[in-house]
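Quick one: the structure is below, questions incoming.
Chain naming follows the written order as A, B, C and D, and within any one chain the residues start at number 1.
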Amino acid sequence: MMKDIAFTCDMEVRDYECDLQGIVNNSVYQNYLEHTRHTYIKSLGLDFAVLSEKGINLVVKRVEIDYQTPLKRGDEFTSVLKMERLSPLRFGFVQHIYRIPDNKLVIKALVVGTAINQRGRPELPDDLIKVWGLD
Amino acid sequence: MMKDIAFTCDMEVRDYECDLQGIVNNSVYQNYLEHTRHTYIKSLGLDFAVLSEKGINLVVKRVEIDYQTPLKRGDEFTSVLKMERLSPLRFGFVQHIYRIPDNKLVIKALVVGTAINQRGRPELPDDLIKVWGLD
Amino acid sequence: MMKDIAFTCDMEVRDYECDLQGIVNNSVYQNYLEHTRHTYIKSLGLDFAVLSEKGINLVVKRVEIDYQTPLKRGDEFTSVLKMERLSPLRFGFVQHIYRIPDNKLVIKALVVGTAINQRGRPELPDDLIKVWGLD
Amino acid sequence: MMKDIAFTCDMEVRDYECDLQGIVNNSVYQNYLEHTRHTYIKSLGLDFAVLSEKGINLVVKRVEIDYQTPLKRGDEFTSVLKMERLSPLRFGFVQHIYRIPDNKLVIKALVVGTAINQRGRPELPDDLIKVWGLD
(Lines give C-alpha, C1' and ligand atoms only; values in the text may rest on other atoms or scores of the structure.)
Protein backbone atom coordinates (compact mmCIF):
# COMPACT_ATOMS: atom_id res chain seq x y z
CA MET A 1 0.00 0.00 0.00
CA MET A 2 2.88 2.36 0.80
CA LYS A 3 4.43 3.86 -2.30
CA ASP A 4 8.10 3.04 -2.11
CA ILE A 5 9.55 6.04 -3.89
CA ALA A 6 9.29 9.18 -1.80
CA PHE A 7 8.96 12.72 -3.13
CA THR A 8 11.33 15.24 -1.57
CA CYS A 9 11.75 18.98 -1.79
CA ASP A 10 14.31 21.24 -0.13
CA MET A 11 13.38 24.57 1.41
CA GLU A 12 14.80 27.13 3.80
CA VAL A 13 13.31 29.00 6.75
CA ARG A 14 12.43 32.62 6.03
CA ASP A 15 12.85 35.11 8.86
CA TYR A 16 9.22 36.26 8.77
CA GLU A 17 8.15 32.67 9.54
CA CYS A 18 9.88 32.78 12.94
CA ASP A 19 8.23 33.87 16.16
CA LEU A 20 9.33 35.64 19.31
CA GLN A 21 11.67 32.80 20.27
CA GLY A 22 13.47 32.74 16.93
CA ILE A 23 11.88 29.42 15.98
CA VAL A 24 9.40 28.64 13.21
CA ASN A 25 5.81 29.15 14.35
CA ASN A 26 3.83 25.89 14.72
CA SER A 27 1.29 26.82 12.06
CA VAL A 28 3.95 27.55 9.42
CA TYR A 29 4.81 23.84 9.16
CA GLN A 30 1.37 23.32 7.63
CA ASN A 31 2.38 25.77 4.91
CA TYR A 32 5.56 23.76 4.27
CA LEU A 33 3.54 20.52 4.19
CA GLU A 34 0.92 21.97 1.82
CA HIS A 35 3.57 23.39 -0.50
CA THR A 36 5.23 19.95 -0.61
CA ARG A 37 1.93 18.20 -1.43
CA HIS A 38 1.06 20.70 -4.18
CA THR A 39 4.57 20.48 -5.68
CA TYR A 40 4.29 16.68 -5.59
CA ILE A 41 0.89 16.71 -7.32
CA LYS A 42 2.24 19.14 -9.92
CA SER A 43 5.24 16.85 -10.49
CA LEU A 44 2.76 14.12 -11.50
CA GLY A 45 1.28 16.40 -14.15
CA LEU A 46 -1.87 16.99 -12.11
CA ASP A 47 -3.36 20.31 -11.06
CA PHE A 48 -5.93 21.14 -8.38
CA ALA A 49 -7.71 23.65 -10.58
CA VAL A 50 -7.98 21.25 -13.53
CA LEU A 51 -9.14 18.38 -11.29
CA SER A 52 -11.70 20.74 -9.78
CA GLU A 53 -13.06 21.62 -13.25
CA LYS A 54 -13.47 17.87 -13.89
CA GLY A 55 -15.56 17.72 -10.72
CA ILE A 56 -12.92 16.17 -8.43
CA ASN A 57 -12.16 18.19 -5.31
CA LEU A 58 -9.27 17.02 -3.14
CA VAL A 59 -10.09 17.75 0.48
CA VAL A 60 -8.06 17.52 3.69
CA LYS A 61 -10.08 15.72 6.39
CA ARG A 62 -7.53 15.41 9.18
CA VAL A 63 -4.03 16.56 10.09
CA GLU A 64 -1.75 15.04 12.75
CA ILE A 65 1.62 16.68 13.45
CA ASP A 66 4.25 15.56 15.96
CA TYR A 67 6.74 18.29 16.74
CA GLN A 68 10.22 16.91 17.49
CA THR A 69 12.89 19.59 16.95
CA PRO A 70 12.08 23.20 16.11
CA LEU A 71 13.54 24.78 12.98
CA LYS A 72 15.35 28.05 13.63
CA ARG A 73 16.02 31.08 11.47
CA GLY A 74 18.57 30.31 8.79
CA ASP A 75 17.86 26.57 8.82
CA GLU A 76 17.47 24.58 5.62
CA PHE A 77 15.37 21.42 5.52
CA THR A 78 14.18 18.53 3.39
CA SER A 79 10.47 17.83 3.18
CA VAL A 80 9.68 14.17 2.38
CA LEU A 81 6.31 12.80 1.24
CA LYS A 82 4.95 9.28 0.77
CA MET A 83 1.42 8.21 -0.18
CA GLU A 84 -0.55 5.57 1.66
CA ARG A 85 -4.05 4.22 1.09
CA LEU A 86 -5.91 4.28 4.39
CA SER A 87 -9.31 2.96 3.27
CA PRO A 88 -11.25 2.57 0.00
CA LEU A 89 -12.11 6.28 0.14
CA ARG A 90 -9.23 7.83 2.10
CA PHE A 91 -5.57 8.37 1.32
CA GLY A 92 -2.78 9.59 3.54
CA PHE A 93 0.16 11.85 2.86
CA VAL A 94 2.87 10.62 5.24
CA GLN A 95 5.14 13.64 5.59
CA HIS A 96 8.45 14.17 7.39
CA ILE A 97 10.67 17.21 7.64
CA TYR A 98 14.40 16.76 8.31
CA ARG A 99 16.90 19.49 9.15
CA ILE A 100 19.84 19.94 6.78
CA PRO A 101 22.66 18.88 7.14
CA ASP A 102 22.31 16.69 10.25
CA ASN A 103 19.07 14.94 9.16
CA LYS A 104 17.50 15.51 12.55
CA LEU A 105 13.73 14.84 12.47
CA VAL A 106 11.84 18.14 12.80
CA ILE A 107 8.23 16.99 12.46
CA LYS A 108 6.35 13.94 11.28
CA ALA A 109 2.81 14.34 10.01
CA LEU A 110 -0.10 12.41 8.59
CA VAL A 111 -2.47 14.37 6.36
CA VAL A 112 -5.64 12.46 5.54
CA GLY A 113 -7.51 13.38 2.41
CA THR A 114 -10.32 12.27 0.21
CA ALA A 115 -11.74 13.26 -3.16
CA ILE A 116 -15.25 14.67 -3.34
CA ASN A 117 -17.29 14.23 -6.52
CA GLN A 118 -19.83 16.64 -7.99
CA ARG A 119 -22.63 15.27 -5.79
CA GLY A 120 -20.53 16.09 -2.70
CA ARG A 121 -19.76 12.42 -2.02
CA PRO A 122 -16.30 10.91 -1.41
CA GLU A 123 -15.08 9.14 -4.57
CA LEU A 124 -11.52 8.18 -5.41
CA PRO A 125 -11.14 8.22 -9.22
CA ASP A 126 -9.15 5.29 -10.63
CA ASP A 127 -6.59 7.50 -12.40
CA LEU A 128 -5.70 9.25 -9.12
CA ILE A 129 -5.24 5.85 -7.46
CA LYS A 130 -2.96 4.75 -10.30
CA VAL A 131 -0.87 7.89 -10.56
CA TRP A 132 -0.36 7.82 -6.79
CA GLY A 133 0.67 4.16 -6.93
CA LEU A 134 -2.09 3.22 -4.49
CA ASP A 135 -3.52 0.35 -6.52
CA MET B 1 -12.44 66.08 -1.61
CA MET B 2 -11.50 64.51 1.74
CA LYS B 3 -14.45 62.72 3.31
CA ASP B 4 -14.83 64.22 6.78
CA ILE B 5 -16.20 61.26 8.65
CA ALA B 6 -13.57 58.59 9.20
CA PHE B 7 -14.18 54.88 9.51
CA THR B 8 -12.48 53.23 12.49
CA CYS B 9 -12.03 49.68 13.66
CA ASP B 10 -10.31 48.35 16.78
CA MET B 11 -8.07 45.31 16.69
CA GLU B 12 -5.43 43.61 18.80
CA VAL B 13 -2.03 42.16 17.98
CA ARG B 14 -1.94 38.36 17.84
CA ASP B 15 1.25 36.66 19.03
CA TYR B 16 1.81 34.84 15.71
CA GLU B 17 2.03 38.24 13.98
CA CYS B 18 5.15 39.18 15.95
CA ASP B 19 8.69 38.52 14.84
CA LEU B 20 11.97 37.69 16.53
CA GLN B 21 12.10 41.05 18.29
CA GLY B 22 8.60 40.76 19.76
CA ILE B 23 7.24 43.44 17.44
CA VAL B 24 4.69 43.15 14.65
CA ASN B 25 6.34 42.18 11.33
CA ASN B 26 6.33 45.01 8.76
CA SER B 27 4.21 43.08 6.25
CA VAL B 28 1.46 42.32 8.80
CA TYR B 29 0.41 45.99 8.83
CA GLN B 30 -0.76 45.52 5.23
CA ASN B 31 -3.08 42.78 6.51
CA TYR B 32 -4.46 45.18 9.13
CA LEU B 33 -4.91 47.89 6.47
CA GLU B 34 -6.64 45.50 4.04
CA HIS B 35 -8.95 44.16 6.74
CA THR B 36 -9.90 47.75 7.61
CA ARG B 37 -10.63 48.61 3.96
CA HIS B 38 -12.74 45.49 3.43
CA THR B 39 -14.66 46.05 6.68
CA TYR B 40 -15.25 49.65 5.61
CA ILE B 41 -16.52 48.61 2.17
CA LYS B 42 -18.76 45.98 3.79
CA SER B 43 -20.11 48.65 6.18
CA LEU B 44 -21.32 50.57 3.11
CA GLY B 45 -23.28 47.55 1.95
CA LEU B 46 -20.80 46.81 -0.84
CA ASP B 47 -18.99 43.54 -1.51
CA PHE B 48 -15.89 42.83 -3.62
CA ALA B 49 -17.32 39.60 -4.99
CA VAL B 50 -20.63 41.22 -6.01
CA LEU B 51 -18.84 44.23 -7.57
CA SER B 52 -16.62 41.79 -9.44
CA GLU B 53 -19.66 39.95 -10.85
CA LYS B 54 -20.95 43.32 -12.09
CA GLY B 55 -17.63 43.75 -13.90
CA ILE B 56 -16.03 46.22 -11.47
CA ASN B 57 -12.69 45.10 -10.05
CA LEU B 58 -11.16 47.24 -7.32
CA VAL B 59 -7.39 47.16 -7.68
CA VAL B 60 -4.55 48.45 -5.48
CA LYS B 61 -2.02 50.35 -7.61
CA ARG B 62 0.34 51.73 -4.97
CA VAL B 63 1.01 51.50 -1.23
CA GLU B 64 3.03 53.96 0.87
CA ILE B 65 3.61 53.17 4.54
CA ASP B 66 5.51 55.27 7.08
CA TYR B 67 6.51 53.28 10.15
CA GLN B 68 6.54 55.42 13.30
CA THR B 69 6.20 53.25 16.43
CA PRO B 70 6.16 49.45 16.34
CA LEU B 71 3.23 47.57 17.84
CA LYS B 72 4.26 44.93 20.36
CA ARG B 73 2.64 41.67 21.45
CA GLY B 74 -0.44 42.32 23.56
CA ASP B 75 -1.02 45.80 22.08
CA GLU B 76 -4.46 46.97 21.01
CA PHE B 77 -4.89 49.56 18.31
CA THR B 78 -7.36 51.67 16.35
CA SER B 79 -7.26 51.59 12.58
CA VAL B 80 -8.63 54.77 10.97
CA LEU B 81 -9.59 55.20 7.30
CA LYS B 82 -10.55 58.22 5.20
CA MET B 83 -11.27 58.37 1.47
CA GLU B 84 -9.72 60.92 -0.86
CA ARG B 85 -10.11 61.42 -4.61
CA LEU B 86 -6.66 61.69 -6.17
CA SER B 87 -7.59 62.06 -9.83
CA PRO B 88 -10.61 61.38 -12.04
CA LEU B 89 -9.67 57.69 -12.10
CA ARG B 90 -7.83 57.19 -8.81
CA PHE B 91 -8.93 57.21 -5.20
CA GLY B 92 -6.84 57.04 -2.04
CA PHE B 93 -7.44 55.28 1.26
CA VAL B 94 -5.70 57.49 3.82
CA GLN B 95 -5.06 55.08 6.69
CA HIS B 96 -3.61 55.58 10.18
CA ILE B 97 -3.05 53.14 13.02
CA TYR B 98 -2.93 54.45 16.60
CA ARG B 99 -1.90 52.48 19.67
CA ILE B 100 -4.50 52.13 22.44
CA PRO B 101 -4.69 53.73 24.99
CA ASP B 102 -2.03 56.42 24.44
CA ASN B 103 -3.03 57.26 20.81
CA LYS B 104 0.58 57.13 19.69
CA LEU B 105 0.83 57.02 15.89
CA VAL B 106 2.01 53.56 14.76
CA ILE B 107 1.89 53.90 10.98
CA LYS B 108 0.41 56.22 8.41
CA ALA B 109 -0.34 54.90 4.95
CA LEU B 110 -1.73 55.88 1.58
CA VAL B 111 -3.24 53.10 -0.49
CA VAL B 112 -4.00 54.16 -4.05
CA GLY B 113 -6.66 52.25 -5.92
CA THR B 114 -8.66 52.30 -9.08
CA ALA B 115 -11.58 50.37 -10.52
CA ILE B 116 -11.06 48.30 -13.65
CA ASN B 117 -13.98 47.64 -15.99
CA GLN B 118 -14.62 44.53 -18.07
CA ARG B 119 -12.44 45.80 -20.89
CA GLY B 120 -9.49 46.07 -18.44
CA ARG B 121 -9.66 49.89 -18.41
CA PRO B 122 -9.77 52.12 -15.31
CA GLU B 123 -13.34 53.37 -14.76
CA LEU B 124 -14.76 54.81 -11.55
CA PRO B 125 -18.51 54.03 -11.48
CA ASP B 126 -20.73 56.91 -10.29
CA ASP B 127 -22.33 54.92 -7.48
CA LEU B 128 -18.90 54.12 -5.97
CA ILE B 129 -18.00 57.81 -6.11
CA LYS B 130 -21.26 58.70 -4.36
CA VAL B 131 -21.18 56.05 -1.66
CA TRP B 132 -17.56 57.01 -0.87
CA GLY B 133 -18.52 60.69 -0.66
CA LEU B 134 -15.99 61.58 -3.36
CA ASP B 135 -18.36 63.61 -5.52
CA MET C 1 -9.75 15.56 34.70
CA MET C 2 -11.75 17.62 32.19
CA LYS C 3 -12.22 21.18 33.35
CA ASP C 4 -15.95 21.86 33.23
CA ILE C 5 -15.97 25.54 32.41
CA ALA C 6 -14.87 26.21 28.85
CA PHE C 7 -13.11 29.34 27.61
CA THR C 8 -14.62 30.88 24.49
CA CYS C 9 -13.64 33.68 22.18
CA ASP C 10 -15.44 35.05 19.12
CA MET C 11 -13.58 35.96 15.94
CA GLU C 12 -14.29 36.64 12.29
CA VAL C 13 -12.66 35.46 9.08
CA ARG C 14 -10.44 38.05 7.39
CA ASP C 15 -10.35 38.04 3.59
CA TYR C 16 -6.56 37.58 3.43
CA GLU C 17 -6.97 34.28 5.31
CA CYS C 18 -8.99 32.77 2.46
CA ASP C 19 -7.53 30.80 -0.42
CA LEU C 20 -8.34 30.34 -4.08
CA GLN C 21 -11.65 28.65 -3.30
CA GLY C 22 -12.87 31.41 -0.99
CA ILE C 23 -12.47 29.24 2.08
CA VAL C 24 -10.09 29.63 5.01
CA ASN C 25 -6.73 27.94 4.31
CA ASN C 26 -6.13 24.80 6.43
CA SER C 27 -3.08 26.25 8.18
CA VAL C 28 -4.91 29.40 9.30
CA TYR C 29 -7.00 27.38 11.77
CA GLN C 30 -3.80 26.78 13.73
CA ASN C 31 -3.47 30.56 14.06
CA TYR C 32 -7.03 30.76 15.38
CA LEU C 33 -6.32 27.91 17.82
CA GLU C 34 -3.05 29.49 19.02
CA HIS C 35 -4.66 32.89 19.49
CA THR C 36 -7.43 31.24 21.55
CA ARG C 37 -4.88 29.42 23.77
CA HIS C 38 -2.82 32.57 24.33
CA THR C 39 -5.93 34.64 25.10
CA TYR C 40 -7.03 31.93 27.53
CA ILE C 41 -3.65 31.86 29.28
CA LYS C 42 -3.66 35.68 29.46
CA SER C 43 -7.19 35.57 30.97
CA LEU C 44 -5.72 33.51 33.84
CA GLY C 45 -3.18 36.24 34.56
CA LEU C 46 -0.34 34.19 33.08
CA ASP C 47 2.10 35.23 30.35
CA PHE C 48 4.41 33.12 28.18
CA ALA C 49 7.26 35.61 28.44
CA VAL C 50 7.06 35.82 32.24
CA LEU C 51 6.79 32.01 32.57
CA SER C 52 9.80 31.73 30.28
CA GLU C 53 11.85 34.09 32.48
CA LYS C 54 10.98 31.84 35.45
CA GLY C 55 12.40 28.93 33.45
CA ILE C 56 9.09 27.35 32.39
CA ASN C 57 8.67 26.92 28.62
CA LEU C 58 5.28 25.77 27.37
CA VAL C 59 5.80 23.59 24.31
CA VAL C 60 3.38 22.08 21.76
CA LYS C 61 4.24 18.41 21.18
CA ARG C 62 1.39 17.28 18.94
CA VAL C 63 -1.57 18.71 17.04
CA GLU C 64 -4.59 16.76 15.72
CA ILE C 65 -7.20 18.63 13.68
CA ASP C 66 -10.38 17.19 12.15
CA TYR C 67 -11.82 19.42 9.45
CA GLN C 68 -15.63 19.25 9.28
CA THR C 69 -17.06 22.35 7.57
CA PRO C 70 -14.90 25.04 5.99
CA LEU C 71 -15.26 28.66 7.10
CA LYS C 72 -15.85 31.10 4.26
CA ARG C 73 -15.07 34.77 3.82
CA GLY C 74 -17.33 36.90 5.97
CA ASP C 75 -18.02 34.10 8.47
CA GLU C 76 -17.94 34.69 12.20
CA PHE C 77 -17.12 31.89 14.62
CA THR C 78 -16.76 30.89 18.25
CA SER C 79 -13.55 29.23 19.38
CA VAL C 80 -14.03 27.01 22.46
CA LEU C 81 -11.24 25.61 24.66
CA LYS C 82 -11.17 23.09 27.49
CA MET C 83 -8.18 21.73 29.39
CA GLU C 84 -7.54 18.05 30.00
CA ARG C 85 -4.70 16.26 31.79
CA LEU C 86 -3.40 13.50 29.55
CA SER C 87 -0.58 12.13 31.71
CA PRO C 88 1.52 13.31 34.68
CA LEU C 89 3.62 15.41 32.30
CA ARG C 90 1.24 16.20 29.43
CA PHE C 91 -1.86 18.36 29.15
CA GLY C 92 -4.30 18.73 26.29
CA PHE C 93 -6.12 21.74 24.92
CA VAL C 94 -9.40 20.34 23.57
CA GLN C 95 -10.45 22.95 21.02
CA HIS C 96 -13.57 23.32 18.88
CA ILE C 97 -14.58 26.00 16.40
CA TYR C 98 -18.28 26.58 15.67
CA ARG C 99 -19.71 28.77 12.93
CA ILE C 100 -21.97 31.66 14.02
CA PRO C 101 -24.99 31.73 14.04
CA ASP C 102 -25.88 28.11 13.17
CA ASN C 103 -23.36 26.48 15.58
CA LYS C 104 -22.18 24.11 12.89
CA LEU C 105 -18.92 22.37 13.90
CA VAL C 106 -16.04 23.71 11.78
CA ILE C 107 -13.07 21.85 13.29
CA LYS C 108 -12.26 19.90 16.40
CA ALA C 109 -8.67 19.73 17.59
CA LEU C 110 -6.47 18.31 20.31
CA VAL C 111 -3.27 20.24 21.04
CA VAL C 112 -0.92 18.33 23.32
CA GLY C 113 1.57 20.33 25.33
CA THR C 114 4.09 20.01 28.08
CA ALA C 115 6.23 22.37 30.16
CA ILE C 116 10.00 22.18 29.87
CA ASN C 117 12.19 23.24 32.82
CA GLN C 118 15.60 24.89 32.70
CA ARG C 119 17.38 21.55 32.34
CA GLY C 120 15.30 20.83 29.20
CA ARG C 121 13.19 18.20 30.99
CA PRO C 122 9.36 18.03 31.01
CA GLU C 123 8.04 19.34 34.36
CA LEU C 124 4.51 20.51 35.11
CA PRO C 125 4.70 23.14 37.89
CA ASP C 126 2.03 22.81 40.60
CA ASP C 127 0.69 26.33 40.12
CA LEU C 128 0.04 25.70 36.40
CA ILE C 129 -1.83 22.49 37.30
CA LYS C 130 -3.92 24.43 39.85
CA VAL C 131 -4.72 27.44 37.70
CA TRP C 132 -5.74 25.13 34.85
CA GLY C 133 -7.98 23.09 37.19
CA LEU C 134 -6.08 19.90 36.35
CA ASP C 135 -5.51 18.79 39.94
CA MET D 1 25.60 56.53 -5.08
CA MET D 2 23.77 53.63 -6.72
CA LYS D 3 25.58 50.34 -6.31
CA ASP D 4 26.05 48.98 -9.82
CA ILE D 5 25.95 45.28 -9.12
CA ALA D 6 22.46 44.11 -8.20
CA PHE D 7 21.63 41.18 -5.94
CA THR D 8 19.04 38.77 -7.34
CA CYS D 9 17.20 35.78 -5.98
CA ASP D 10 14.68 33.49 -7.69
CA MET D 11 11.54 32.29 -5.96
CA GLU D 12 8.20 30.75 -6.84
CA VAL D 13 4.64 31.51 -5.74
CA ARG D 14 3.22 29.09 -3.19
CA ASP D 15 -0.50 28.32 -3.41
CA TYR D 16 -1.20 29.46 0.18
CA GLU D 17 0.06 32.94 -0.76
CA CYS D 18 -2.77 33.41 -3.28
CA ASP D 19 -6.12 34.94 -2.51
CA LEU D 20 -9.67 34.45 -3.70
CA GLN D 21 -8.81 35.62 -7.22
CA GLY D 22 -5.90 33.22 -7.63
CA ILE D 23 -3.35 36.04 -7.45
CA VAL D 24 -0.73 36.74 -4.80
CA ASN D 25 -2.14 38.84 -1.95
CA ASN D 26 -0.75 42.41 -1.85
CA SER D 27 0.86 41.98 1.57
CA VAL D 28 2.77 38.84 0.54
CA TYR D 29 5.05 40.90 -1.71
CA GLN D 30 6.48 42.49 1.45
CA ASN D 31 7.45 38.99 2.59
CA TYR D 32 9.22 38.41 -0.74
CA LEU D 33 10.97 41.79 -0.44
CA GLU D 34 12.04 41.15 3.16
CA HIS D 35 13.32 37.67 2.35
CA THR D 36 15.37 39.17 -0.50
CA ARG D 37 16.86 41.85 1.78
CA HIS D 38 17.76 39.36 4.49
CA THR D 39 19.28 36.93 1.97
CA TYR D 40 21.28 39.83 0.53
CA ILE D 41 22.55 40.91 3.94
CA LYS D 42 23.45 37.30 4.76
CA SER D 43 25.32 37.04 1.43
CA LEU D 44 27.56 39.89 2.64
CA GLY D 45 28.46 37.93 5.75
CA LEU D 46 26.29 40.14 7.95
CA ASP D 47 23.53 39.04 10.32
CA PHE D 48 20.72 41.05 11.94
CA ALA D 49 21.08 39.25 15.27
CA VAL D 50 24.85 39.81 15.43
CA LEU D 51 24.51 43.48 14.39
CA SER D 52 21.83 43.86 17.07
CA GLU D 53 24.18 42.45 19.74
CA LYS D 54 26.75 45.06 18.66
CA GLY D 55 24.10 47.71 19.27
CA ILE D 56 23.15 48.36 15.63
CA ASN D 57 19.48 47.88 14.84
CA LEU D 58 18.44 48.07 11.19
CA VAL D 59 14.99 49.62 10.97
CA VAL D 60 12.52 50.06 8.11
CA LYS D 61 11.17 53.63 8.09
CA ARG D 62 9.11 53.67 4.91
CA VAL D 63 7.88 51.34 2.18
CA GLU D 64 6.60 52.34 -1.28
CA ILE D 65 5.28 49.64 -3.59
CA ASP D 66 3.91 50.09 -7.11
CA TYR D 67 1.87 47.12 -8.27
CA GLN D 68 2.16 46.52 -12.03
CA THR D 69 1.25 42.91 -12.91
CA PRO D 70 -0.06 40.42 -10.36
CA LEU D 71 1.75 37.12 -9.87
CA LYS D 72 -0.49 34.08 -10.16
CA ARG D 73 -0.31 30.59 -8.67
CA GLY D 74 2.46 28.57 -10.25
CA ASP D 75 4.45 31.66 -11.30
CA GLU D 76 8.19 31.90 -10.77
CA PHE D 77 9.91 35.24 -10.37
CA THR D 78 13.22 37.03 -9.93
CA SER D 79 13.62 39.47 -7.07
CA VAL D 80 16.25 42.16 -7.74
CA LEU D 81 17.80 44.48 -5.14
CA LYS D 82 20.07 47.52 -5.39
CA MET D 83 21.30 49.79 -2.60
CA GLU D 84 21.11 53.56 -2.70
CA ARG D 85 22.18 56.18 -0.19
CA LEU D 86 19.31 58.62 0.32
CA SER D 87 20.82 60.92 2.95
CA PRO D 88 23.67 60.81 5.48
CA LEU D 89 21.48 58.71 7.77
CA ARG D 90 19.13 56.90 5.39
CA PHE D 91 19.65 54.18 2.81
CA GLY D 92 17.24 52.75 0.28
CA PHE D 93 16.69 49.23 -0.97
CA VAL D 94 15.52 49.67 -4.57
CA GLN D 95 13.66 46.42 -5.25
CA HIS D 96 12.02 45.01 -8.38
CA ILE D 97 10.23 41.74 -8.99
CA TYR D 98 10.10 40.32 -12.55
CA ARG D 99 8.01 37.38 -13.70
CA ILE D 100 9.88 34.41 -15.20
CA PRO D 101 10.29 33.79 -18.10
CA ASP D 102 8.86 36.88 -19.82
CA ASN D 103 10.60 39.43 -17.50
CA LYS D 104 7.38 41.39 -17.08
CA LEU D 105 7.64 43.87 -14.20
CA VAL D 106 5.47 42.70 -11.28
CA ILE D 107 6.22 45.36 -8.64
CA LYS D 108 8.79 48.03 -8.02
CA ALA D 109 9.49 49.12 -4.46
CA LEU D 110 11.59 51.48 -2.41
CA VAL D 111 12.28 50.40 1.17
CA VAL D 112 13.86 53.16 3.25
CA GLY D 113 15.89 52.13 6.26
CA THR D 114 18.19 53.52 8.86
CA ALA D 115 20.40 52.11 11.60
CA ILE D 116 19.62 52.95 15.22
CA ASN D 117 22.41 52.97 17.80
CA GLN D 118 22.19 52.03 21.47
CA ARG D 119 20.99 55.49 22.46
CA GLY D 120 18.06 55.12 20.03
CA ARG D 121 19.56 57.61 17.56
CA PRO D 122 20.02 57.04 13.80
CA GLU D 123 23.68 56.24 13.09
CA LEU D 124 25.08 54.61 9.94
CA PRO D 125 28.25 52.71 10.92
CA ASP D 126 31.16 53.08 8.45
CA ASP D 127 31.52 49.34 7.87
CA LEU D 128 27.86 49.05 6.80
CA ILE D 129 28.37 51.94 4.37
CA LYS D 130 31.46 50.21 2.95
CA VAL D 131 30.04 46.73 2.64
CA TRP D 132 26.96 48.13 0.94
CA GLY D 133 29.12 50.10 -1.47
CA LEU D 134 27.48 53.37 -0.41
CA ASP D 135 30.69 55.31 0.19
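We adopt the following convention: contacts are C-beta pairs under 8 Å (C-beta built on N, C-alpha and C of every residue); 3 or more make two chains touch, one makes a residue touch a chain.
All of these numbers come straight from a predicted model, not from anything done at the bench.
**Q** Where the centre means the average of the CA atoms, what chain is farthest from chain A?
**A** That would be chain B.
**Q** For chain A versus chain B, which are copies of one sequence, does the interface use mostly the same residue numbers on each side, meaning over half shared, or is it different?
**A** same
**Q** Compute the distance, rounded to whole Å, between the mean C-alpha positions of chain A and chain C.
**A** 23
**Q** Could you state the distance in Å from the CA-based centre of chain C to that of chain D?
**A** 35
**Q** Cα centroid separation between chain A and chain D, in whole Å?
**A** Centre-to-centre distance between chain A and chain D: 30 Å.
**Q** Residues of chain A that contact two or more other chains, please.
**A** 15-16, 20, 22, 25, 27, 31, 34, 48-49, 73
**Q** Flag every residue of chain C that touches chain A in the complex, lowest number first.
**A** 20, 25-28, 30-31, 34, 49, 59-67
**Q** Contact residues on chain A for chain B in the complex?
**A** Result: residues 15-16, 18-20, 22, 25, 27, 73 of chain A touch chain B.
**Q** Name, in rising order, each residue of chain C that touches chain B in their complex.
**A** 14-16, 22, 31, 34-35, 38, 42, 48-49, 73-74
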